[in-house]
Each structure stands twice: as structure tokens, then as C-alpha cells.
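Look at the two complexes coming up: chain A is in both, with chain B in one and chain C in the other.
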Partner chain A sequence: MKKVLHTLIFTFLLSVLFTGVALAQSNTPPTDDEVNAVAHKLYCPVCESTPLDVCPTDACKDWRELIRTMLADGKTEAQILQHFQEQYGARVLAEPPKEGFYWLIYLLPPAIILVGAFFLFRSLKEWTKPKAAASVLGGAGSESSPEKDSYLARFEEELKKQK
Partner chain B sequence: MFAEFGYGILVVSFLVAIYSVVAAVYGATNKSAAMVESARRSMLLMFPLISLSAAALIYLLVTNHFEVAFVYEVTSRSMPTYLKVTAWWGGQAGSLVFWSWLLAGFASAVTIRKWERDIEFLPWVIVVCSVTLIFFLGMVVVFENPFTRFWLVAGNVEPHMFAPLNATLFTAADGNGLNPLLRHPGMVIHPPMLYLGFVSYVIPYAFAMAALITGRTDDRWIRLTRRWSLWAWLFLSFGLVLGGRWAYDVLGWGGYWGWDPVEIAAFMPWLTGTAFLHSVMIQEKRGLLKHWNMILVILTYALVIFGTFLTRSGVLSSVHAFANSPIGPFFMGFVSLSLVTSIALVIWRWPMLRGETEMKSMLSREALFLLNNLLFMSVLVICFWGVIFPLVSELFTGQKVTVGPPFYERATAPLFAALMFLMGVAPLSAWGHSTIQTLGRAIWKSAVAALVITAILFATYTQNIIALIGFFLIALVLLVTVQEFLRGARARQKGQSENFFTALSRLIGRNRRRYGGYIIHISMMLMAIGILGMESFQTSTQGSLKQGEALNISGYTVKYRELASWDDKGKGVNFTRATVDVYKNGIYLGVLNPRIDYYFDSQQNMTIPGNRSTFRDDLYVLLVDWQPVSSMGATFKIFVNPLVNWLWIGSLLFLVGIIFAAWPDRDPAEEPARAVRKASQTSAAD
Partner chain C sequence: MTEEKTDTKRGVSVTAQIAIWAFLVGLLALVGFGLNRARNPMAVIGDPVPEFNLVFYPGYEYAGNKEMKLSDLQGKIVVINIWASWCKPCEQEAPDLEAAWQLYKDSTDVVFIGVDYVDTPAGANEYLTKFNITFPNAPDLKSNISSILNRQMGVPETYLIDRKGILRQIKIGPFESVNEIQTMIQSIQ
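Entry: the complex of A and B
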């Protein structure tokens, strides 16, 4: 019984809260900054590579007004983005949605990079092998050679060459 | 008359290019010095020939010959003469002629040099340059002819080179005019810079191919083309920076880089070119990575061709555009053919390209350079895949998608951070061998100092973790690099008994490539400060203001004072200019004048920001819209771009660094460094 009471109070509070939000939305029209925050995540199909918030064309102005109206109607950012995607296709989004075929854009580059890194490190290991063997043979002396190879010594060597 | 003359010369150039290839191949394979010489002379003939054709085109552009389609498209009567000249590269057809002209010039410069012991390279260098020229000139002669004229055929205006039957020449009263966005001084210089960079890369590629074909696969080709690569890199970098500045000044979106496919097209050869600059040093110093350097120069060449077409033709904007464009298949065919041929040559010579020494340590400088190459290639993979993915998606799903800045920023940011870390570590590692201990000992002081700087920034400037990581890396690289200058100078001071400043200047003067490189690293870090500032702290606001009203943003107050609008008939432009008063924390700073220029001929707007620039931030005000009666109000978009000025300061220093590194030596007879290394049996830290 207590649980039911809690749920009722919680639901009541939530509804009051949301009515408040809705009222606030209908009272104050969305600011340009609120419109631009959504528009920044959209691209119109015509103005390639220009985000909607900074695109100066009339078509894009109309889209921004549509966003303003939708915000005023209480639509969330996600709903507005969804609306534009349904109307004009995935290309209105700043990047492809993470679904189906579009996963390729996100997965292929890391896969190629990992393969590249694998080959690089394998080659490096292969190339450095003889040295490893030599250092075992050479013992402590060859291990410490880079320590001795101080900056100054190397530099002087270089200066000699310049003369 | 000039149109026929210009076109005729282009056709002749095209034929001469074909002849020079045939003569060079015949001369090389039959060991006929006379034929090679004939090929060389025909190569030398190309530059004056294409210059004549270009002169004809410029004449037509400057003298308002609107019967020529290209002139009609890119100029108008109201344009000043200098813009009419630069309109030469303002459209696809003209820019292809410009490309060919530059290549002919560079190829001539190369063929004029004394060849002596490198004479066996000559015919093959001619072949590569001429084949590239054949491709570009072929494109101009067959598909993209800038001399095509308008003809009135049965009441319709049609573009043809020569008069169709019963046709009369049609001359428009005025031209379309150059896209106003391209009239900005930055955009006047930006394309030639990019093209200079693009075309310069053909030369190292030509020598690389010559090395493969002749079997002289030592590092001679690299030494011969080292300066070409550096100058190519200089021009490409300069072109990219100018493009960024242009975008910041006239595109009116508050930024300098939008990850647009066209920008990426120029950035990709820069990435492989930068990787190449680093990896050739490994071949020169250690005789390693010969295969890889070949692959890098081939990739750079392919990306240069790819970039040229991505930029101007629009053939890669959609599958449809590609399929419908006559140059699409031609261009793809050429890129594929050159890639396949080049890679086949590398495979053929694979055994000859084996390394001369062994890689000794995973922390040696060559190993770190390889890691640097991996990172550059990774950025390239992301860029390339991002650019072509919309096409791939359209091809397989029928849906075009946008791959915008969020994708590139997220994907490349960790790679750039890793590159910065390498920039901090690599200068401290030695060729041949380094250990954690030697590196740790060299870097710890700088690392501690960088941490202290980061802590101060945390306390006084920002708590943004990503920005702090960025600032730590920037501080680390700056400190390590400055320390390299100081340590070098001190070592020299001791060794040569010179005073500190003489030691420093002689040190830098005698190791220009190395210290030029370090100057470039420092400049990169200054640029990184600007980029980090923009990416992490940029704020913006927008609002419609009545006269006397103000917008507030990041401590600034921007108050709308008035708006004026007037026509400049001479320039063919309507200017609408707002005046706003700027205050910072209540203190009056002055006025800004954001404006919108409307060009009558092309019916396009240009949004010019009012910008107040300081080392701390830029206040960047855009006039977005205004009411017919100005007192009713105007809409402004305002950006505060923190630290962005460091990007431009860094860019200038960057150019200084490259010019310093690329400037010809007093003594051109360079002794191969590897021979010196072998003789001295030391692993010098260059």
C-alpha cells in the first residue's frame, strides 16, 4: 500500500514538473541560441559541408524556423533530429547514424590502423632481433653503451664532422 | 582568333608531350643519347608553348571576351583587372591549364639542371612528367577546353570550340563574374599555393620512378629531390594555412577548418608528404625503409591527382555526378593506372630495396619516426574513408550521408595527441639506439616543468581535462625543443670556445634542416594552442537587437548602434554594414563593422565578420540578418574564439621554419651522411 502511495506521489510530482516545463516552453519562445544548438547538428542536403546554424541560404533559414517552431511545441532535440532524418534521410545528420551499413565508417579505419600497427610492430621486432642477440653476447658492456653515449659526446662527434 | 590560337597551342603541346614520352622511352631502351636529348628538348619546349596558350587565355579574360564560355563563367565587366587575371584558376578548365603550365615549368627546371652522373634518370623523369602532362592536357583538349565559345545555332546558344554549321558567334553582354568568395586576396593566392605544392610533388615521384626503372635504388633520388619535397611541403602548407585564414575571414561561420572534402583533399597529400619528410631521413641516415619511402611518394602523387579533381571538378560529390561526368572515368583510370604501374615497379624492385642496416632498438629515433609514420597514415585512412564514404554509402544503400566535423574530430584527436607526444620524445632519442633510461633522463625535467605549467593552467584558466592534456603536451614539446636549442648551443660553446649566441647561431646555421625542423615543431605547438582554444573554449550566441540593445558573451558586451546600406555601382556590389560598440567587463573597446556584401553579377552574398583580435581571444561578430528599416533591428551572431590568434602566429613561424630548412645550402656538394656515419662509426644525434 505504501509502495502504491509512493508511486502516486512520484507520478503527481512528475506531472506537475512536466506541466511546468510545458508551460514554460509555451510562454517563452526559444532563443536563437537554443535553435542554433539543434541546427548545429544538422546539414541541409543542398549546402554541402555547412552546418545549418551558420548557413546563410533562405532554405536553411526556413529550416531554422521549423526547428524554432518544433522547440516551441515542446519537441526535444532528439525528436527534432529524428524528424529531419525521417523527412530528408540520414544525410542531414552531421555523421552517419550508428546502425547497419553505416557502422563501416566507424569500424573500418580502426581496423586498418590496427592491422597497420600490427605489421609495424612485427617488423620492428624482426628488425631489432639481431641486436637483442648481440646484446646478450656482448653482456653488460654493450647494454651500458647508450648510457655512456652522452649527448655531449655525440654532439662533439657531430661538430668534428662539420669542420 | 585568340581562342583558336590558344586551343591550337594546347593541342600542339599535347602532341609534343606524347612525342617526348616516345622519344625518351626509345632513347632509354636503345641507349640513344640523341633521342633522349630530343625528348629533353621537347620537354623544354612545353613551358613556352603552354605559356603562350595561357597568355591567350589571360588576354581573353582581361578583355571581356564573353563569347568564350570560360571567360563568361568566371569574369564580369565590373571586376578589376587583377581579379580577371586570377580568374584563370577560378574555374576547372582554366585551373587545369594552370596546373599543366606549372608542371611544364617545374619539369623544365629539372631537365635544365646538370645531370652528369644521374643522366640515366633523365629519360624516365621526362617520361613521368610528360605522361602527367599528357593526362592534364588531354583533359583540357578533349573535355575541359577553356577556349570553347558560344554559338547561336537555330536560335539556341551552344558551347563549341569550332563553329557548327550555320552558326554565328554569340557574345553575352556581361559575364557571370567570379564567385565573390573567390575574390578575397587569400583566395587569390590560396589555389596557386596549393597547386605549386601539388605540382612540386610530381618531381620527387618522377625521380622515384626513374630510380625504380633504372635499378639505382639507393638514396640518390631522395637526395636529388629533397628540396623539391621541402618546397612542395612549404607550398602545400602555405596553401592550407591561407585557405584556413580565408575561411575565417569570409565564410562567416566563425571557424577556419570545417573538414570539408575539398579541404581534406589538400590535407591528404600533406599528410603523406609530412610522413615522407620524416621517413626519408631514416633512409638517408640508416639506409632503411626504402620500400616505404617509395610507397609514400607514390601515395602522395596519387593523392595530388585525386585532390586536384576533388577540389574543382565536383565529380566525386555523388555517384551520379561521377557517372555523368566525362572526366570521371578518365581521371579514375589515370589514378588507378599510375598506382598499379608504380606499385608493380616497387614489387619488381623489391629485393633491391632491402635495408642496409638493422633497426637496433624499439626506442631509437628511426623506430619513433616509424611510429610517427603510422600515426600520419592513420589520420590519412580516417580522412580518405571519411571523404569517400558518402559515395560508398550511396553506391551500396542508395542513401547519401554526411561525414562532418564530429567524426573527424573524434577520430583524429587522439592521433594528433600521440603525434604531439612523439614530437616531444623523438628529438631526444638517438639514431640507432636509445633506452627508456636515456630517454627518461633526457625528458624528465621538461616533463616536470610541463606538469607545473599544466597545474598553473588548472588553477587559473581551465578545468577541462582534455584541454589540460593538450596544454601539457604542448608545454612538453615546447620545452623539449627549446632545450634542444640550448643544449646544442652550450655543447658547441664548450667545444668551440665561442660565446653562447655565436654558438647558437652557428649551430642553427650549419644544421638548418634539423633546426628548421625544430622551428616547425615549435610553430606546430603554437598552432595547437589556437586549435585547442577553438575546440575547447569557443562560445557563441545569436540574437536580434534593436538599436541600443546589446548581447553579452564571455565578458564582452556588443551593443548595436546603427546600420547602413549602399550600392557601389563601380564594383557591382551592395554593402550592408552594421556598427556595433564593444565593451569588455564594462570598459569601452571600440567599434566593429560586420557586413554583408551582395554581388549583383553572381547574385551571391559574402559575410564579412567584424573581428577584434587579441592574444587571449577573438571577438568575431557576424551580421546575420536585418530588418528593412534599420532602426527596427538586426540579427547578430557572435563568437568568442579563445587563443585563435596563436594559430596564425604559429602559421607564420611555420613558414619561417620551412623556408629556413629548405633554403639552398652554400655548398651544394653534400657528402652523403651515411658515408660519414659509416666512417666515424658513431650514431650521431641529428
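Entry: the complex of A and C
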């Protein structure tokens, strides 16, 4: 019982210590790297196709400042991305959300590659077939068709008649 | 003869061809359905403007409400101005728009609505304070309103809607004077 109590007290003290450390960390303002790490996952809503972390316009500077403020307020990266999506739409996200119609972006390319691989495999198989058939024809003719057999029989019969 | 038969057997079988076409048609149908669903109805001059909602910036309201629908303004002439704090030509027309609003604000017949296109809250607040804009202003969330209004070129753009909710005029670019704004409103009054 005493051992359990000691363990509980020790766990409690550890959690208090780590909470203090976490709080102390959250008081430090976010660095440019932290801001840019989030901004890199967003695109400038105005000047399209420009990642927010490298966008030089004043509007982009404002958006990066907004990210800095949100990080300082304790918002997570996911919450910030969500905010930008709600304000400006999914087009500002570098990685489209895994929901609804956007699933096509994730599912279609692998599906097309799989279908392509299947047909490539089939075609390769087809391309190797004629060689095999040619070697069979050139061989003993053991696998010839009944049609060919009757033709050969007639041919041999005609040869015998000639003799 | 035998060689010809072998040739016709090569390639993709009928079943596979049907499967490929079914896949492609299904894919096109899916993409078409998705695009159609994502597309907003668009306003055209002479037609009623499709419905949209506005959630005003803090400090702004219309008839005591922080939110409203376009249909709440039926029976009034509505001037919708699309702007952004990063847009320099918008700054040029902002004082004229506010001056024009001061002329109409007590008339109860004309309403000015500002729609802030793709902006930061801080930038928007700074802009609204700088030009002392008093008519109701709301952010264009997900660019939904500018999409419905079928934004032509960029910002600023102003849309004039008559009392029946029909789009009458689109002004592309900034107004040059208060008189220009008045003339536009008077054309349907």
C-alpha cells in the first residue's frame, strides 16, 4: 500500500514538473522556423501557387503574423490549418483534406497506376506468346490443331498419289 | 489465314474494353458530379442574385443583427462593394463609398454592404478603422460571396441589386467620385 502511495506521489510530482516546463515553453514567442513550418503547409490565398512561407507580399507577411499570433495563443498546427481552410477554402492547403471529393486526388493516381500495371503485364504476356507459338510450329508439331492435322493428312495423301 | 486469326486474338479482350470504358465514363461522371456540387450558382445581370449569408465583422451589424441573408434586404436597393485591405485601388474609393453611405444611411431605401475578399482580420480591422467605414462589413468566407456574385476581374468591384433582388449593374475597379456612386444608384431608383 505504501509503495502504491509513493508511486502515486512520484507520478503527481512528475506531471506537475512537466506541466511547468510546458507552460514555460508556451510563454516563449514562436520562432520564424516554427511559423514557417506551418506557413509551408499553406498557399497564399491571393497570389495562387505561391507557398505562404516564401511569399514576399505584404498580405502574406500579415498571414504569417497571424500564424505567429495563433501559435503564441497555444493553437496547434491542425487548428491553424483548419482556421485558414474555414476562412479561405481548401485551395490554400498544400495538402488537400482527406474528405469528400478530395479523396479522388489520393485514390485516383494509385488506381490508374494499378490498372496501367495490369495492362502492361497483360501486354508483355501477349508479346511473348508469338515467339512460343513460332517455336512450337518449328518443332515436332505435336501441338498442332486438328485443322492442321487434316491438312497435313490430305497433303501426305496427295504426295502418295503423286508417287 | 491462320496468321490473321492469331492477329485478331491479340490486344485487349472485349470484356476488358468494356471495363476500361465503364471505368472512364464512371470517372468522368464522378468528376463532373463533384465539380457541379462544388460550383456556386452565379449572378448574371438581369437575373436574381442567388442567396448568400453574411457574418459581420465585430462592431458591425445590420438592423441590430450580427448576421444576415441577402434575402433580408428584399425591397431595398443594395450596393455590395468587394474590397481587400491589400488592394490599393480599394483605398482610393473607400472615402467616396463612406461619403456616399452617409448620404443614404437614413433613407432606409438603400443599403451598402462591404465584403472583404481574402484578407487577414488584422488587415481588415486596420483598413476599416483607417477609412472610418461605418456601413456593415463582412469577410468573404471561402470566397463564397465573390464566387456567387461572379467576380469579374479582381478587387474592387461593386454590385448594384434592385428592390426585387435582381442584379442591375457591376462596377469593375474603383469609383472616381461620390457623384459616380450616386449616379449608379439613381439609375434604378
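The criterion applied here is as follows: the second predicted complex is superposed on the first by the 105 of 163 C-alpha atoms of A that agree within 3 Å, B and C clash if a C-alpha of one lies under 4 Å from a C-alpha of the other, contacts with A are read in each partner's own complex, and residues count from 1 in each chain.
What we mean here is this: a residue touches a chain if its C-beta (ideal position, glycine included) is under 8 Å from a C-beta of that chain, and two chains touch if they have at least 3 such contacts.
A quick note: this is a predicted structure, and the numbers were derived from the prediction, not measured.
S.K.: Could you tell me if A:D32 is touching chain B, chain C, both of them or neither one (first, second, both, neither)?
M.R.: first
S.K.: Touch check for A:D62: first (chain B), second (chain C), both, or neither?
M.R.: The answer is second: A:D62 touches chain C but not chain B.
S.K.: Could you say whether A:E86 touches chain B, chain C, both of them, or neither, answering first, second, both or neither?
M.R.: Touch status of A:E86: second partner only.
S.K.: Tell me which partner A:A94 touches in the superposition: chain B (first), chain C (second), both or neither.
M.R.: first
S.K.: Look at A:V115 in the shared chain and tell me whether it touches chain B only, chain C only, both, or neither; answer first, second, both or neither.
M.R.: So A:V115 only meets chain C here.
S.K.: Applying the document's definition of touch, where does A:V46 land relative to chain B and chain C: first, second, both, or neither?
M.R.: A:V46 contacts chain C only, not chain B.
S.K.: Touching A:L104 in the superposition: chain B (first), chain C (second), both, neither?
M.R.: In the superposition, A:L104 touches chain B and chain C alike.
S.K.: In the superposed arrangement, which partner chain does A:V54 touch: chain B (first), chain C (second), both, or neither?
M.R.: It touches chain B, and chain C stays clear.
S.K.: Based on the superposed arrangement, let me know which partner A:L124 touches: chain B (first), chain C (second), both, or neither?
M.R.: first
S.K.: Compare chain B and chain C by how many residues of chain A each one touches, and report the one with more.
M.R.: Larger number of chain A residues touched: B.
S.K.: I'd like to check the shared interface: which positions of chain A are touched by both chain B and chain C across the two complexes?
M.R.: Residues common to the chain A contacts of chain C and of chain B are 45, 89, 100-101, 104, 108, 130, listed in rising order.
S.K.: Mind listing the chain A positions that touch chain C in their complex?
M.R.: Touch residues, chain A against chain C: 45-46, 57-59, 62-63, 65-66, 86-89, 100-101, 104, 108, 115, 119, 122, 126, 130, 133, 148.
S.K.: Spell out the residues on chain A that touch chain B in their complex, using ranges where they run on.
M.R.: Listed in rising order, the residues are 31-33, 36, 43, 45, 48-51, 54, 56, 61, 89-96, 100-102, 104-105, 108-109, 112-113, 116-117, 120, 124-125, 127-128, 130-131, 145-147, 149, 151-152, 154-162.
S.K.: Within their complex, state which residues of chain B touch chain A.
M.R.: 252-254, 258-262, 288, 317, 355, 358-362, 367, 370-371, 374, 377-378, 381-382, 385-386, 389-390, 392-393, 396-397, 399-407, 411, 430, 433-435, 437-438, 442, 487-488, 491-492, 494-496, 510, 540-544, 605, 607, 624-625, 635, 637, 676, 680, 682-686
S.K.: Residues of chain C touching chain A in their complex?
M.R.: Listed in rising order, the residues are 2, 6, 10-12, 16, 20, 23, 27, 30-31, 34, 37-38, 84-86, 118-123, 139, 141-143.
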